[in-house]
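For reference, chains read A, B, C, D, E and F in written order, and residue numbers begin at 1 within each chain.
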Amino acid sequence: MKMLHFAVLFALLFSSSSHAADFCVAKLKGAGSPAGYACRMPSNVTVDDFVFTGLGVAGNTTNIISAAVTPAFVQQFPGVNGLGLSMARLDLAPAGVIPMHTHPGASEILFVVQGKITAGFISSSANTVYVKTLKKGDVMVFPRGLLHFQINAAGIQAIAVVSFSDPDPGLQITDFAFFANDLSSELLEKSTFLDDAQVKKLKKVLGGTG
Amino acid sequence: MKMLHFAVLFALLFSSSSHAADFCVAKLKGAGSPAGYACRMPSNVTVDDFVFTGLGVAGNTTNIISAAVTPAFVQQFPGVNGLGLSMARLDLAPAGVIPMHTHPGASEILFVVQGKITAGFISSSANTVYVKTLKKGDVMVFPRGLLHFQINAAGIQAIAVVSFSDPDPGLQITDFAFFANDLSSELLEKSTFLDDAQVKKLKKVLGGTG
Amino acid sequence: MKMLHFAVLFALLFSSSSHAADFCVAKLKGAGSPAGYACRMPSNVTVDDFVFTGLGVAGNTTNIISAAVTPAFVQQFPGVNGLGLSMARLDLAPAGVIPMHTHPGASEILFVVQGKITAGFISSSANTVYVKTLKKGDVMVFPRGLLHFQINAAGIQAIAVVSFSDPDPGLQITDFAFFANDLSSELLEKSTFLDDAQVKKLKKVLGGTG
Amino acid sequence: MKMLHFAVLFALLFSSSSHAADFCVAKLKGAGSPAGYACRMPSNVTVDDFVFTGLGVAGNTTNIISAAVTPAFVQQFPGVNGLGLSMARLDLAPAGVIPMHTHPGASEILFVVQGKITAGFISSSANTVYVKTLKKGDVMVFPRGLLHFQINAAGIQAIAVVSFSDPDPGLQITDFAFFANDLSSELLEKSTFLDDAQVKKLKKVLGGTG
Amino acid sequence: MKMLHFAVLFALLFSSSSHAADFCVAKLKGAGSPAGYACRMPSNVTVDDFVFTGLGVAGNTTNIISAAVTPAFVQQFPGVNGLGLSMARLDLAPAGVIPMHTHPGASEILFVVQGKITAGFISSSANTVYVKTLKKGDVMVFPRGLLHFQINAAGIQAIAVVSFSDPDPGLQITDFAFFANDLSSELLEKSTFLDDAQVKKLKKVLGGTG
Amino acid sequence: MKMLHFAVLFALLFSSSSHAADFCVAKLKGAGSPAGYACRMPSNVTVDDFVFTGLGVAGNTTNIISAAVTPAFVQQFPGVNGLGLSMARLDLAPAGVIPMHTHPGASEILFVVQGKITAGFISSSANTVYVKTLKKGDVMVFPRGLLHFQINAAGIQAIAVVSFSDPDPGLQITDFAFFANDLSSELLEKSTFLDDAQVKKLKKVLGGTG
């Protein structure tokens, strides 16, 4: 019958093999490439690969920053591989702060779900500071690669959803980059002008050596 | 003094002119380019260009779809120009639906802020349907260019925040593309196999002619 | 001898290993990545990997659409992997139509080889229709991701060659996405405003269930 | 009425201003940018901006190469601006040849419409030659930036349609780059090892000086 | 004559107007776009737009860092606009240091022209430190967006040439971002865990307020 | 203790598995992809993967061109994989020349470390020649895909460092593409207008056949 010919024709032409025109759910175990992870076969993909439920749960904020970042990056949410975006949830207890950090190469938009957040970023061209206190429903964009921070601005728990322009935005917290590793205090002090006492103190707090 | 030399040196080198390394806030009035809108001079940019407050207000859902899309695309939120991402807010009354649509070339992640939403997309390779009912805090990704929809799945108002992998994702609602313009019924029927009565009925509802 | 030194020098420097500077013929069996398929070793590549002869043969148009699409996408023509383009051939019998469809993320140019074709696309911003009847030698461009169609406009067999801005452009035919799968009639009707009778009728024609 | 609310809502949200989500027809007079030409306002765009009729006419082959290249690049066909592809028509008289050339950064697919064409390209990694005689309906891909040529392979007029992975692929014919300008014979001979007599002879044929 | 036809033909086809296939020398005065600056007309371009002589002169290192960065970014060297790369020269007196910094979105390769340099970067995923002392002729790559530094490692003047993967890489020096502006000490201390005394001291040195 | 919670939290979230946000050191043995080589596991990466010492040694210039190209492309320097840039060293003896060549798709900046070099490139749009004699410290940019050359312009050894906008820029030397392979003299002569004697002579010098 005519209609069958049509269905069969297109099925033969276009449903063969694992092509990436539509999506490329990450095979996290294998080696990645500069463009992301290898694709799982479409026949092994279900709707659950495109859904992530981990952002519905508050992160544990009983820590030094009274805050938590819960990522839905490609490592947690393999469905975003190759699709140019990802998400995360921020929880900030009343004293919560997401310390100064960058995402190497990804821009970010923050949406305040609950509470108030003071957020800011610093431009590279003139070190200009862009700071604003955001209320529920406000959004703010942080351009790619620039230093930025978020601080709880009210006496109540704050929640935000942040989206990124990359499935794997990375997160480089300046304090951790400086103080939570074995970078020698000498090199660190020379390259940051921080005092030795300050460096030693924060290395101790954050578990660094050297 | 030594420190002044340093400050002056770097100021001279790097703060001159309107370079785009950091951001490129859109000058919406002028002509765009394939990469987005022209940049406003950094000296005319303030923090408010990076903040958008329009998503904090519920959209008006007293319409045919009992739903509203409130965009924070580059046209509404010029700070995202060139940064590879944007956002929008969805409001769905109890009977609300965001009808079948695509974003030409942009992927989307939806985060449920309130209520329950049944969402789905259809692959191009095998017309496979990926549908799921999402609860508060769940996220779902819709790969670029594919048909998808969102429907309120509970008896209460639902709210979602959606992010896109492009500052200007576009929105092509199939019903509007088919029935809300002057595309001749003859061409439309030939190219969709829809019955003439169906086409005429929906053209009337959506304001189409031809 | 001097000239040998030269030849040997460059051979050593630049002909080693499987580098991708020139081309990356697809290894279709393995897992793809967001950037396309893995490369075959250049030593296993011959000129026939860069040549495809399948477009010289008319497609079978004895089907419901009286038309055929013969693709030279990366799955059929592995030489285009990573090169940013592909081709296809369209055959339209006198009553032939390529139904409303999109290519997720790829633009298309159509060149009429024989006959006349009425082609059109619909913009997303204002649902504007751009339609034209093309004669032999005319070309028309369909911007990425937008709904478009092609219909035979003369009483004779029409042939067209179409090129795409991606090796793997995908093809989402609206009718197939709506009616040729197990998407529930209820969800489909809610998200398209189509009548139940219309949905049931086309599901039957195109092999859909639900 | 309800349906009007809907239509008005979406019109307000999405049809405002000249956004580039759909297309960006080139304003050829103004200054371009690295991403292409500035966009014309959508209100000034008609279907004829997306259609080009110049490829329907045979190019004049009564010249030194007995061949003609008729481009449908962005300069001739402004609708392709920003869309990642373009086309051209080749006409080769029985003795016709498209001399050795490259397209800086664009890949090409050639489709033989009529006659036979011997085509080839040379890899950079090992100077390997990939040559094939193509008949009507055959296609061949030439990877970006590599030297290639096309020669009429039968005693009759040949026609081909070529597509490119860029709206502005450029065309650098080696003979013209070497001999059709004022590059000094001394520098040219040193950098190509060609004999002085050969250089002088071809400079004369192609109008070069120096 | 035949050869004239050929020359005229190609001249007509390809030398018309300001196309960007080859290059796009920056018009620095006008507004930029996300893809870079607008192009100057090719007729106003000379070889000097593609040559920059400023890197031949040692930078003034009598400043707080005993070092100088001399950029050949698009602002100084408009010929690189749109070409995906740029350069700079580093001069380090015996006590010289290029303090901890990032380039938002650009990778860097450093080539040691003279002297010895200890260079390092810190990964974001595990805060791992990659440090090496480089001698004349060594190169080191610093991946995009990651914190890195360079310190003179011998008792003599050191010189390096650095190349970037972007015409406008930006430069965000952490000390300047933290201490050379009006970011309030309170927000800075909360978001960096630095002591108030340290913050005040460095704000004074680098000219910051707040 | 509080600070441990923080460290552990972030370690768990972000240091798991082989993500590519930071870098993707090439696994050269495996199959590449259009975006480059597969990534080695970060745990197997050391600082030496980001350092290359081969450019500190002069290339052997006792050959037919009295010159040498020493590449630090991804094949030699796997740390640049996916980072959008690479480097090479040029050595030119007094009579040295880097013959006419292109890099398919990569732009280049040359920095003169020692001596004087006459360099030039030819545009595709109008075959315009851009030539300049560069002294120590000068830089010149060669736009992607265009023919260019470098010739020693003084009586002493010249050294240059060149950077590319791609980890794998390729190198197609026109003489080698024409004369150092088995491309038939007949096809070569037809497609270049070179005399048979000239072709035979250079094929003999460069080891070609056919």
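Please note the rule applied: a contact is a pair of C-beta atoms (placed from the backbone, for glycine too) under 8 Å apart; a residue touches a chain by one contact, two chains touch by 3 or more.
Since the structure is predicted, the reported quantities are computational estimates derived from the model, not experimental observations.
Common neighbours of chain C and chain F under the contact definition above: A, D.
Distance between Cα centroids is largest for the pairing of chain E with C.
Chain centres were defined as the mean of their Cα atoms; on that basis the chain farthest from chain B turns out to be F. Taken over every residue number at the interface, the positions common to chain C and chain D amount to over half, indicating a same-residue contact.
Checking E-F, B-E or C-D against C-F, more than half of the residue-numbered contact pairs recur only at B-E. Mean C-alpha positions place chain B and chain F at a centre distance of 42 Å.
Taking the mean of the C-alpha atoms as each chain's centre, chain A and chain F sit 35 Å apart. If you average the Cα atoms of chain D and of chain F, the two centres end up 26 Å apart.
Shown for chain D are the residues that touch two or more other chains, namely 14, 19, 21-22, 33-36, 104-105, 120, 124-125, 128, 131, 143-144, 146, 166, 170-171, 176, 180, 205.
Taken as a contact graph, the chains fit none of the simple arrangements: neither line, ring, star nor complete graph. Pairs of chains meeting the touch criterion are A-B, A-C, A-E, A-F, B-C, B-D, B-E, C-D, C-F, D-E, D-F, E-F. Those residues of chain D that touch chain F in the shared complex are 97-100, 102-105, 118, 120, 122, 124-125, 127-129, 131, 143-147, 149, 151, 170-172, 174-178, 180-183, 187, 190-195, 198, 201-202, 205.
Interface residues of chain A, counted against chain F in their complex, comprise 28, 31-37, 60, 62-65, 68-71, 73-75, 104-105, 166, 168-171, 173, 176, 180, 205-207.
Of all residues in chain F, only 2-7, 9-10, 13-14, 16-22, 24, 27, 30, 33-41, 81-82 touch chain A in the complex they form.
For chain E in complex with chain F, the residues that touch the partner chain are 11, 14-15, 19, 21-23, 42, 46-48, 50-53, 55-57, 72, 77, 79-80, 83-87, 89, 107-109, 111, 113, 120-121, 123-126, 128, 130-132, 134-144, 146, 161, 163-166.
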